[in-house]
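Multiple structures follow.
Shared between the two complexes below is subunit A, which pairs with subunit B and subunit C, respectively.
Moving on, here comes the complex of A and B:
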């Protein structure tokens, strides 16, 4: 192992809305020596529960964007011919379709296309009420650089990490695409939050297949496990076949919803939930220990 | 007509709303654009009639003839190519397939090959809903080219319901950008509200009109309605937070197929949206 002191866990789900952020917040509330990173950069929510104070903001530029200067454009149409993203029409560039490849800029013979770095979002270095560091981001509407922003925020969070940090908790995005891949990079373990619904198990399977390509170990938490016991059993059987441990299950509990509505950490709801999450955390520590060694 | 269903936050009920709406509209078209995690087929249960491979183009460099001048590396904005002086290495997943390397190669030794990124499936449900979805290959990162392929199944003259992926980035925009109307599905929580605001920002930026469906509605979360009222945003429908709806969904059964009150609600929603689109189109 490289000489790092901490273990990095990423919380993922495939399907959205299964409880990634709620569980990440609960872990963050129980673990002391930690850095927390919200990698769901296009719909960040963890800051709503953790109530951080922003110390530093950073601009993020994911790439360049091309713009045609109508005064210089001779309307030869070459740029439109070479653009494969149908971004150029009538000598103007649709910024939403432009992928920033610069092909138009390079073929333009009248120097009419500007191709400069564009700001695609911001990210924030914060302090939590307990003094821990927390990072989250805000990607500009509709931007196509979420994976890059995830990589950048993780790099920032880990570059000057204090040597007494034991855990890095990463709240991941939904799906299995670009930003998920960037979130999983250099992690030690993935916690998958699923739910016993036909969609939940379907998306869980796709995520586990993805994680195999990363050769990274994972454990499953079944949220709302008593919503559908038949599918919960299917998840148990599937997990066993995949040799992926179930590290916890949480009941369907309206109290949870109440905590969410009030913007509270679920740990604050009642002692039982706190105990349940603590049990999951112990299981997690055990599994991470096994997979790291 | 294109009606897209989006949300910002995942798990608010996009697919349930999209599939329910499709099921109350005769001869509708349902298109699942959440290619990373497509779930619409689990609720609508179409019979698939075709499955076609969707591809993206990647450069293929003839290493024998290559002079390793490095021009291709220089023009690649995505750092997808590396020049080792005895080989040009391509990182597939970084490549956007723009074709600049091919165009600028002075020795003309770059051609293209197609790589499968996923499949597009087309089918029909027992209620005669035309169905299409895309399934992104595992490990593939480029979802937007596949969304473009799936959207080719939009049928003019019909009501097309497009189910968007969560988030507010490129995949969501690719789905909703040429819609006549967008339904934003949110839930009665601060997370739901926060992400709803982000999604509204996107729709305002790209100029798509919209209304809101509040799923898992809980009247005690007053911030949601305060915000919507203050900003004159129309609430199209409120679906109460009920365990029986969640149970029905968990089994892959649309709650409106079990609970008639929901079927009526979606019929009303359908009418309302038709009126909205008429108003929008009238100008």
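Moving on, here comes the complex of A and C:
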């Protein structure tokens, strides 16, 4: 088995809304031999910018849910009394309220409750206009992103990966919870997008602490760095203490907002932005090379 | 002594899984005979908390050493408290048997 040919980078932020998807889309626009995965399933929106065509769709099951079979139900009401989520009324189970604990299934004496994996949504294998593969998911209302889904979609994306792929770009979820753990567990490098706000630096620190446990290397991009120079300086100092390189800083630019509003890739806005992102990408390539070897 | 290895398949020729909590299988290997037991990882099916569940599984199997790619925060705590030695940094490009041999030759 030869070494894998590609490098997998995950774009994370801790805080939401700092520019993960915007940067992911820009990287995707500049890199040719790539696979792109949107793991921010709760708010998947990379597809709005990348404009993929769906080739295959797969069902996703997050967990089990209970259903009462009315033909077998003797209407004893035991299930209703034990349900802590008040999901059972009139011998039917409200699927949105059911948390999948299985208590009703265990107490039912007439074997009338089925407790099977329920469909929580779908994920899609797509082709981008430039021929690259792209994966993203859509969940039903009330279902959330999970480490399980992130792992499943990543596994599908990597299982038949073509040997000429050089980069796997993963647009990660916000936060530092289970889906983030699952998205960094098999990655070569993490790009952290932060912004000079109180919550931006706070969540950056939390994320860096998490990444230490995974022993995975990361680099920071400060988006809108000129909005608050005091905090931007704090981020620089913090990064230096943590020996985490700043691989780029992007000034605030209203053109970014315009691109987002129009569902366009920021690369299309103007040449300056393209140059800035390209510089960050070169830095990133350098850092990834160092960390892999 | 038993060595647990995170694996993508149920045989010694399967590739190592770099993920701990959501690997597909654990191979519990007796390094003296190279006999092994393949255990499918129930933690993989958890919505959340896959790491601690997987840790519980290999603790119950009596493993003393774990070979894997990366271990998360909570799982690491559980494994350390149970005295399991974590040897991480294994890549998903090598076979389970080669991972075991490379560990034994150290």
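Remarks
Here is the rule we use: the second predicted complex is superposed on the first by the 251 of 293 C-alpha atoms of A that agree within 3 Å, B and C clash if a C-alpha of one lies under 4 Å from a C-alpha of the other, contacts with A are read in each partner's own complex, and residues count from 1 in each chain.
Definition applied: a contact is a pair of C-beta atoms (placed from the backbone, for glycine too) under 8 Å apart; a residue touches a chain by one contact, two chains touch by 3 or more.
Quick caveat: nothing in here was measured; it's all calculated off a predicted structure.
After alignment on the shared subunit A, the placement of subunit B and subunit C results in a clash. Contact with neither subunit B nor subunit C is seen for A:234 once the two complexes are overlaid on the shared chain. Contacts of A:263 after superposition on the shared chain: subunit B is touched, whereas subunit C is not.
Looking at the shared chain after the overlay, A:62 reaches subunit C, while subunit B stays out of its contact range. When the two complexes are overlaid on their common chain A, residue A:78 makes contact with neither subunit B nor subunit C. When the two complexes are overlaid, the chain among subunit B and subunit C that reaches more residues of subunit A is B.
By the touch criterion defined above, A:147 lies against subunit B and subunit C together after alignment on the C-alpha atoms of chain A. Shared-chain residue A:283: touches no atom of subunit B or subunit C. Looking at the shared chain after the overlay, A:178 reaches both subunit B and subunit C. Once the two complexes are overlaid on the shared chain, A:291 sits clear of subunit B and of subunit C alike.
Within the superposed three-chain model, A:4 lies in touch with subunit C and out of touch with subunit B [touch as defined at top].
The clash between subunit C and subunit B in the superposition falls on 58-66, which is one of the stretches 4-12, 22-30 or 58-66. Contacts of subunit A with subunit B, set against its contacts with subunit C after fitting on chain A, overlap at residues 63, 146-147, 177-178, 181, 210, 213. Put simply, subunit A touches subunit B in their complex at residues 13-18, 21, 40, 42-43, 45, 48, 63-64, 82, 84-85, 96, 99-103, 106-107, 139, 141-147, 173-181, 195-200, 202-203, 206, 209-210, 213, 224, 227-228, 231, 252, 257, 260-261, 263. Residues 8-12, 15, 36-37, 39, 42-43, 75, 77-78, 93, 96-100, 103-104, 136, 138-144, 165-173, 177, 187-191, 194-195, 198, 201-202, 205-206, 216, 218, 220-221, 241, 243, 246-247, 249-252 of subunit B touch subunit A in their complex. Those residues of subunit C whose C-beta lies close enough to touch subunit A in the complex are 15, 18-22, 44-51, 69-73, 76, 88-89, 91-95. In the complex of the two chains, the subunit A residues touching subunit C come out as 1-4, 62-63, 146-148, 151, 177-178, 181-182, 185-186, 210, 213-216.
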